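Okay, so chain A shows up in both of these, paired with chain B first and chain C after.
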Partner chain A sequence: MAIIPATWDMYDLIQGFLQAPAYHLIFEALLMVLIAKLFFSKSYKPEKIRLSEKEKEVLVKEWKPEPLAPDVPDDHPALQAMEKYCVDGAVGKTVNINGKDCINMATLDFLGFIGNKEIEEEAIKALNKYGVGSCGPRGFYGTMDVHLDLEDRLAQFMQTEEAILYSYGFVTIASAIPAYSKRGDILFADEGIGFAAQKGCVASRSTVKWFRHNDMEHLEELLKEQEVEDKKNPKKAKVTRKFFVIEGIYANYGDICPLPAIMELKRKYKVRIFLEESMSFGVLGATGRGVTEHFGVSIDDVEMVVASLENSMASIGGFCCGTKFIIDHQRLSGMGYCFSASQPPMVAVAASKAMELMQNNPVMLVKLRENCERVHKAIKDIEGVEVRGSPLSPVIHLQLSEPAADRDLDMKTLLMVQDKAISQGVAITPARYLDNEEHLLPQPSIRLSVSSQLSEEEIDKSMDIIKAVFRSVLSGNTAGHGGGGDSAEAHS
Partner chain B sequence: MATGRGETRTSTVENTKMSNGQPRNYTNGHKNGHTNGYKNGTNGKTNGKSEKGGRWQDDFEEYFEETPYHIAILTYLGYALMVFIGHVRDFLRYYGIEQDKSCTESNQEGFSPLLVSWESFYTRNMYRHARDCWNRPICSAPGSTFDVMERVSHDHNWNLEMTGKTLKVMNFGSYNYLGFAENKELCGRDVQRVTEKYGVGTCASRQELGYLDIHRELDSLVADFLGTEAAITVPMGFATNSMNMPALVSKGCLILSDELNHASLILGSRLTGALIRVYKHNDMKDLEHKLRDAVCEGQPRTHRPWKKILIVVEGVYSMEGSLARLPEIVSLKKKYKAYLYLDEAHSVGAMGPHGRGVVDHFGLDPHDVDIMMGTFTKSFGACGGYIAGSKRLIRHLRANSHSAIYSCSMSPPVTQQIISTMSCIMGRTNPQEGRRRIQQLKWNTRYFRKGLHERGFIIYGNKDSPVVPLLIYMPSKIALFSRECLKRGLGTVVAGFPATPIIEARARFCLSASHNKEMLDKALDIVEEVGELLQIKYSRQPVPRWTSEALEPSPE
Partner chain C sequence: MNVGVAHSDSNPNHSVYNSKGIWVTYILIIFLSHLFILSVPFFSVAIAWTLTNVLHDVIMFMMLHITKGTPWETPDQGDARTETQWEQIDYGKQFTATKKFLTTVPILLFFLASFYSKYDKVHFILNASVLALSIIPKLPQLHGVRLFGINKY
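This part shows the complex of A and B:
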């Protein structure tokens, strides 16, 4: 397999070397000799301390490493979240938590494909034909006809030349960014991008310039600054690739990116676009093609669209699409593509079937939109709660409008809300983050998710419950700040 | 140590040389016959006697025959020629004399070029010629045989088209070690039931209501299977490494990584922010040297002591077929108080009398390995990975690892497949079946390796490793080998630069418990025939001694 390490930039170096004029080379050689001489004649270099073997033994004996992992107490909220709310059965329109059926407003199954019998049937057919695992990466007999079919279907649907499948959503964008953006390149990234994209930026080792979330003025400022830099060193600028890293609907905020404005900046400053559409694929646009369709922007002008199949398609995996020139490159240099087994065929088939259902019944997208608007309208007026997110977005964040200084305290309040809501039959969840790992940690929130499957009554009923729960928890809280812990226990 | 123990070892090897009366070029740890000061393990029997520590060396035999000189030279020349011709053709294409069929980026004036020029040069002029040897689509389960979809090219491999025909060939390419890729009777029904109950996805992370009761069941089953206190599972093996390592070490820590570690481990290490030092493949002397230096010298510049030191190794190396020298690594790790991260992607299920991986193979205590990682993609015929270890470690990962929070939980049918196959290996369901498969795989491995050795091929790796690399060396022969084998009904994998060192292009066979003796014989015949045709029987060493031991009849 041919995976080309980044060190092959060497080639360009050698090329440059061959093209340089002779006097230049002689000059450089002289310079190098000089530097070498300086280097070796330095006498101020501290003498390296040589330890005897005995001393080393002592050092080895004395050294005490930190423990491998910190001791996480059993009642850590993250562990509680799993153990307390372990789900029995499908995480569909309703979920069974500890024996109680709840309306599901927590998981990201926007089109209600979990529990869909047609999809399950197709998946089982694939199971009987292919078994479960693919037992190899795409390069080594892990490519199956169902993967090629799904790629074709995705490319056709998105109206791009080609699509490439990854076996896991997180890894998709995290591998796609470093496949193009290398050390020395520049990523202009929105501060609100999700964790996977952040990791992609880190893995690429490029320079990341963060602009304030959805703030086009700030972005243009940064671009102008860069333009000034570029003028100083036009040779370098010529080989420095620049990319925007943005999301269609921001998972962390529920708002939509101002794509038309970004397109303008792209053209003006010659920056390519990586658009992550995990929350907007199968949601926005008349046919569900995402934010490009929503704004009527031609997808040909966006270099690469990346989305996970784990939300609206209710499967596992992710894909990137774009021109053949761009996407094909990942087949040899997308880390998570080359070095990992391909998606299990039955999972690919499930995604394929979900796509087909969505394409054949675009009404479900209309219904989803109506449901989103209905939830938005209903949830607006809770005192003490701020609603974040576009009315078109199926992810809605409910934050406390007067956050406490202590993040944990707010989280406690939200957990209480979750507890009570679940006990009254509505499954919701706070959005989870790793506090110390995020580039910009969003405020704690309950992240509601809307499904097209919910009926109007179900929405109204769950909204009433959520509102009531918020009110009771918040009023209880103002009565005695910090007493939150006690009432949480009372309800668990 | 360096002095005391190391010297005795080397001298043991010297003795071996003399008593055998023949020079030995099988070196351990590195190829090309480089001696990296450490030549143990060339002949387990003799070494075993003078080793105090234990008896694992008795059965530890690994072979890395030196590349014959003239082959090395020819291979380099071959690459040089390809690069030269590539440049000439690029030149012709540039002036429009030869038609350029590669893709280019359209209407992007003013943008800096998207791809580095060498990469496209390589794809255009070198990879393209052999493109049909990779990404071969199949349309059946990857069992002992599979259906490869035939492809042809009408334009010198620029484009490949399907002909609509399929070829039924023996599968020596998939990582189907225990044969669970194709397994309707054993787990098909359970997986189907789970699909009907849970659907295919979960649409949520573990901490956001995506944690199902069968995930809980799987976690504890994995811990039971491996004999650790607890375990956590992740839907993708690659992500298990890249998303969990950052939770374990950070800035101020040191990672000591084997030079041949898998890309996911390298990426994971890079994302931690810790300093990474690479030691020579399986070279315990180098490892100890680096460990000792690290502990004594502390962090560069500040010389503050390291917070933690993490040794990262694989159980079976997928391109070399070698095994980690785990007993030595464990004793080093204990001596220097480092932590050990063991990736058992290719060994869990496939190695050890109980299928518990290399730890089981060497008869070690699983508690001696701090972080036991592995994947379900291979032996279990499923998808995903796990990390197993102490309760404390797993609690930390559940609460703080990237994979628990930011990504979808495991697909329920896949989860069930793992539960079913693992229960089978453990003997909880179908008591004899798991054992039988493990024994069959071991027998197949020995039989096939022995057959290749006897036929005069250069084979790398441990005699018990089900990954069998066969050295081809020359770039032009890689594609031919793959095509000729396919034509004769044998599907195998080939790999060349840059996945391997530049001169060590190779074919790789992955054995499976689903192969029977008849298939192995047929495969050996095909390799023999193709080997004659391509003149790749390079071995000039005597056949390893273990192959003369009688092999009991196949346990079929």
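This part shows the complex of A and C:
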């Protein structure tokens, strides 16, 4: 190899190449063939659609904008209610309807914090200091000291490591579920869970297995079925997360979840828990910590407790609390947290103040419990009406014990009850649902809400009125059916 | 990532390798790591090249063929949880420019490592076996195939 000077740096290397073993050269030749094959195979280009001017015009012409808001039927309940009733002032313990003060048993304001002067003062102070809006999402200039204070307060109160605030109660559970449960995971959900939790289940894209409302046997059946499945494919089971989705007090039924039984199943089948406490936070337990305190279950055993601040706390927003790593995950994966503007600071301050009032004055919880029991006792025996709900629950559903086949007919009866009760000074309302979107539409009912502010006399008086109204409407209703017959006769 | 560009894809893994400058960045990272390894005093040139090749192939194998789903992006709710990063590139289409590029680079690296290790037998065995890690899982015939059920779930 005289061409290459022996002193050149590359000399050795080139020598190595020229003396390369045959197997190596064959291997390299094969690789060259592979590269050639790659480059000569037909190239696929990710699609780029290019439209000509003509096509663009056609598309623009074809486009018809949808109406910004769909047409609302004239008999929409919201419109009818607006025509019929006009509420003036704050919706507190009493509510002024059409110029008449009524005892309010319709608003979910269990501790009577709506219209509380102390809270209002604090909120106004915050308004003067921070202005109204919070400027942006929490991760994007929207975090104020009051948000952090409220998170700390909630975590401390709930005795968990950390809490996270959402700016709207509905999205709290609807974001928390999809943050953890993904495609391929399994949610064991109670059929009675509220609409927000249902939407969370849908948004998670997980497999949802519904068990009958508060039916532990059915739940265990489903878990056993799942266990058999898991044994067939243990590798897959290892990466499948399983969750219970339950509520403390079910908003749609007013009963309490059997938490101890659920904890047992949780331990036995290794499932995590999403616990929705919107109705039980600030209601159950000696200090208002919710259903865990009520049953004496350690909150550390429940992975995630989610609650809205819109009921007992009479504010806006919601929170989720648990261990540090569970909560921190949501700060990047909770859609409602990441992508919506944080609570207005004054609202956070109002919630903080409400928490403070509740903590300093736990007597109001005792009072609330007494009031709930009193209402339950009083309302028990109306003929033709079934009372749903636990005696400790401030949400009570009054259903017709003989529902008609037609849902609308029952609703009409209940609306008559509502109208009569309001005219006699007690504001009540039927429970409203999005009929076509609920997983399992509950039977029509009047949803009573009990406040700790009500005195015994007020409760007795309003219970008497409600009972009397139900009696007169139900006895009149049979007559009403007859009346229908009458009008038919009149037509003939 | 498509920095400064709004994309409406809930899974950016589909298009991340088509972003501007990402091929150059990839080559630069290999080159700089190689320089770094070369600068270690007791490594000969041959060892440095083999080490570059081995590290590159093993790391890329972990990045492209072991990691599944969308570890840093959650909005797809686990849609791609059964697919490796390689299978997600360009929506799983074969013979795209990105895929050709990503297949060619380890082969060229192997040529270089062979050349600088003077076609030594030990180096050849090492380099060729890690090259297999980089080439075999990329073959179109093995799209979505999990040999012996490894890494299936």
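Rule of thumb we're sticking to: the second predicted complex is superposed on the first by the 405 of 492 C-alpha atoms of A that agree within 3 Å, B and C clash if a C-alpha of one lies under 4 Å from a C-alpha of the other, contacts with A are read in each partner's own complex, and residues count from 1 in each chain.
Everything that follows uses one rule, which is that contacts are C-beta pairs under 8 Å (C-beta built on N, C-alpha and C of every residue); 3 or more make two chains touch, one makes a residue touch a chain.
Here the structure is a predicted model, which is why all the values come from computation and not from measurement.
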Touching partner for A:34 - first (chain B), second (chain C), both, neither: second
Contacts of A:163 with chain B and chain C, given as first, second, both or neither: neither
Partner chain(s) touched by A:238 [first = chain B, second = chain C, both, neither]: both
Touching partner for A:204 - first (chain B), second (chain C), both, neither: second
Contacts of A:284 with chain B and chain C, given as first, second, both or neither: neither
Touching partner for A:333 - first (chain B), second (chain C), both, neither: both
Touching partner for A:182 - first (chain B), second (chain C), both, neither: both
Greater residue coverage of chain A in the superposed arrangement, chain B or chain C: B
Intersection of chain A interface sets (partners chain B, chain C): 12, 15, 182, 203, 238-239, 332-333, 335
Interface residues, chain C side, partner chain A - complex: 15, 18, 74-75, 77-79, 81, 90-91, 93-97, 100, 103-104, 107, 110-111, 114-116, 118-119, 121, 124, 128, 135, 149, 152-153
Of chain A, residues touching chain C in the complex: 12-13, 15-17, 19-21, 24, 27-28, 31, 34-35, 38-39, 41-46, 178-179, 182-185, 203-205, 235-236, 238-239, 332-333, 335
